[in-house]
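Here chain A shows up in two complexes: once beside chain B, once beside chain C.
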Partner chain A sequence: MHIPDGYLGPTTCGFFYVVMLPIWAFASRIVKKTLDAKQVPLLAIGAAFSFMIMMFNVPIPGGTTGHAVGGVLVAILLGPWAACIAITVALVVQALLFGDGGITAVGANCFNMAFVLPFTGYYIYKAIGYNAPCDSTRRVIAAGIAGYCALNIAAGLTGFEFGIQPLLHKTANGQALYCPYGLNVALPVMLGEHLLVFGWVEAIVTALVVKYLLKQAPELFAEKGGYPCK
Partner chain B sequence: MQVTRKLWIGLAILIVLAPIGLIAPEYFKAGSAWGEWGADEMQELVGYIPQGLKKLAGLWSAPIPDYAFKGWEEKGLPHLSFAYILSAGIGIGITVAVIMLIGTILVRKDKNSRK
Partner chain C sequence: MKYNKFIESSLRGTLSFLRASVFSDGYALEKGFLQSIDPRINLLTVIIFLVTALFTRNMVVVLCLYGVCLALASLSRINLGFFLKRTWIFIPLFSLFIAIPALFNIITPGDELAGFTIGGVSLAITRQGLSGAALFVARVITSVSFVVLLSLTTRHFALLKVLRVFRIPKVFVMVLGISYRYIYLFIEIIENTYLAIKSRAGGEIPRKQGRHIVAGNIASLWLRSYRMNEAVYGAMVARGYDGEPVLANDFKTKTRDWVWLSLVLVAVLVLFYFSAQGRFGSI
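So, the complex of A and B:
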């Protein structure tokens, strides 16, 4: 889901940088207001976890690869704004140091994976897990469903961004300037592979870690910014 | 906090296991992620390299491209796995350092303003 340099035209790249700037600014303000100093290490662990989980490429035999993002978990623990900061840092390090995701596409990649993903995941978890006690299975299931849905929404969005490129940028002889695949290909492929395979990885990882932490350290969920236990 | 320590250990285990994310795709003959092809692959897929892509693709030369050291591309899986683990370690180190830095800037331990 890391869009490389050259797949999105300047309009799309610029657009998402412009959209992300106020989001990053607002996220910093929220985090400043709500995050406790003792939660900072947990935020670092969250960012590192997201970074790590993205390195575990899952193959579709004979086809492509993909991965989970781990961002829904961070959102459930620390709140979506803190998760936005954590995933952004992971994505920027991946782009600058390892060339994973383009630098022109940092805005778009962060919009998909550091904004839409943690926010949709967080609110789905909150809706399904509403008022559930800490030891409730409903919370674990909510975490899984949130992970699955959020990753797929982010993947669909990525497919959409790929897919509109041929509409936006073409040479005189009809060749694409950037991503050559239109919505009719990019959208179903990105959605399909995540619905079938990678979404389940995000679901299982999110549910298992939430289950473990609810048992081992329910106090983490009661912190500010995240979604407290009843 | 006891559990934070366990989580750090969990992360360390993930770093060591990272090459699974490299070896599994190789084993199952899975190619690049969709939409993350290099110029050569693009040539094969659609018959040409889009001009804009050609221009932008080389815009940034990452110090450790694709979690492998430069010149190691042909060295085989054991070497690449080693580079992958080191990359994971370096990446985590920098990510954690940046968050800690952001944390100290944003979240001041100002005792007067905290309840």
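So, the complex of A and C:
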């Protein structure tokens, strides 16, 4: 889901940088207010953690492997605003040091994966798992559904961003300048692979990790950022 | 190895991360051209090149930029074979692959260059499809090459520190620095854990159990690092942290840095001027 440089035109790249600037500013203000000084390293841990989740390959049917993005998981553990900063940092490290995701597309990638993904996932988890006790399977199911839905929403958004490129940038004779596929191709392709494969990987990883943590360390869910156990 | 592919893939991932870091630190310590430039100017010039590649509609401009990138890699004592391999795998090759259907009239209608019939369906490569796909792939490889060039010629830690140039809040820069060190620690933990699992797994691990192993490892990674949080904070306090991040400024710009930046700006403006004048043709 990492959009590389060259796929999106300058208008889209610029638009998402402009959209993300106030979100980043607001996120750092909220996090400064809610996290005490002791928890600052936690943001760094969250960033490194979201970077690492993508390195865990999960066995999927067909003998192959896939990896989760982990945005929803980080949001459940740290809260959506702290997750926004943590995932942004992870995406910047990936773009700058490893060429994974473009530098000009950092704004768009952060909007999809550091804003839409954690926020939608977090609120879906909160709505379904509302008031559930710590040992309730409703929380685990909520985490899985949140992971699946949020990843597909983010993937649909990425597909939309690809798909509008031929509409925004085309020469007079009809030559595409950036991603050459319109909405009729980009959207179904992005959604299809995430609805069928990667969404399930995200759902399974999010649900199993939440299940494990609820059993082993339920106190983590009572921290300021996370969703407390009742 | 066919069995327990998820263990092998994860180990390969950690290995490629470490390899990338070791290689880039090795090249960043060479006495090449870009290594002698202040990391701030280095980042700024790469962004200028990237933005130029993003804005241009002309294939010749993109190819000129790609040529500049290869020349800079060579001047910075980077083995060209290694550089080409590193840059073409994976994103540009993937882009090349996905650009193929866009060559045809079903995706990009236009002036037909060559037509044929496959299974009763007549297809044709169009001029617009061909030039659009070529520009798309050239733009992607040029951009990826510049980013790889930057990450190879600048020490990773310095590269994260220079983000201050863009007035990014200090807390972001500090978090970037700490998280980069954490990544190394996490990599080591994953590698050791997976090697232990691999050595203890006699046969194939069923998929369902495999998923539980992965989830358990992610969760325990979080638990271990979460519990380390307090120790890290203690270490920060011991080194003088009082709630406000202080970042040492140890970068120095020299005349040659400014000359290089000016040269890049002039070159980019000349490229845009010629392109606007139509000197590079309409491709």
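Heads up, the rule we're going with is that the second predicted complex is superposed on the first by the 207 of 230 C-alpha atoms of A that agree within 3 Å, B and C clash if a C-alpha of one lies under 4 Å from a C-alpha of the other, contacts with A are read in each partner's own complex, and residues count from 1 in each chain.
Operating definition for what follows: contacts are C-beta pairs under 8 Å (C-beta built on N, C-alpha and C of every residue); 3 or more make two chains touch, one makes a residue touch a chain.
Small disclaimer: the values here were computed from a predicted structure and weren't measured.
Novice: Does chain B (first) or chain C (second) touch A:M190, or do both, or does neither?
Specialist: After superposition on chain A, A:M190 lies in contact with chain B alone.
Novice: State whether A:Q175 touches chain B only (first), chain C only (second), both chains, or neither.
Specialist: In the superposed model, A:Q175 contacts both chain B and chain C.
Novice: Could you tell me if A:F98 is touching chain B, chain C, both of them or neither one (first, second, both, neither)?
Specialist: both
Novice: If we overlay the two complexes on their shared chain A, which of chain B and chain C does A:P133 touch? Say first, second, both or neither.
Specialist: Neither: A:P133 stays clear of chain B and chain C.
Novice: Which partner chains sit in contact with A:L43 here, chain B, chain C, both or neither? Use first/second/both/neither.
Specialist: both
Novice: For A:L35, using the defined touch cut-off, is the partner it touches chain B, chain C, both, or neither? Pick first, second, both or neither.
Specialist: first
Novice: Of the two partner chains, chain B (first) and chain C (second), which one does A:V205 touch, if any: first, second, both, or neither?
Specialist: After superposing on A, A:V205 lies in contact with chain C but is clear of chain B.
Novice: Show me the chain A residues, by the header's touch rule, that chain B contacts in one structure and chain C contacts in the other.
Specialist: Correct list for chain A: 4-7, 9, 28, 31-32, 37-45, 47-49, 51-53, 55-61, 63-65, 85-86, 89-90, 93, 95-99, 102-104, 171, 175-181, 213, 216-217, 220.
Novice: Under the definition above, what is the set of chain C residues touching chain A in their complex?
Specialist: 2, 5-6, 9-10, 13-14, 17, 20, 24, 46-47, 50-51, 53-55, 57, 87, 91, 95, 99, 102, 107-111, 127-129, 131-133, 135-136, 139-140, 142-144, 147-148, 150-151, 156, 159-160, 163, 169, 171-172, 174-180, 182-183, 185-187, 190, 205, 207, 210-212, 214-223, 225-226, 228-230, 232-233, 236, 241, 243
Novice: Can you name the residues of chain A that touch chain B in the complex?
Specialist: That would be residues 1-7, 9, 28, 31-32, 35-45, 47-49, 51-53, 55-67, 85-86, 89-90, 93-100, 102-104, 158, 162, 169, 171, 175-181, 186, 189-190, 193, 213, 216-217, 220 of chain A.
Novice: Which of the residues in chain B end up touching chain A in this complex?
Specialist: Where chain B meets chain A, its residues are 1-4, 6-8, 11, 14-15, 18, 20-22, 24-25, 27-36, 42, 45-46, 48, 50-57, 59-67, 84, 87-88, 90-92, 94-96, 98-100, 102-104, 106-109.
Novice: Within their complex, state which residues of chain A touch chain C.
Specialist: Against chain C, the touching part of chain A is residues 4-7, 9-10, 13, 24-25, 28, 31-32, 37-45, 47-49, 51-53, 55-61, 63-65, 70, 73, 77, 85-86, 88-90, 92-93, 95-99, 102-104, 171, 173-181, 185, 204-205, 208-209, 211-213, 216-217, 220.
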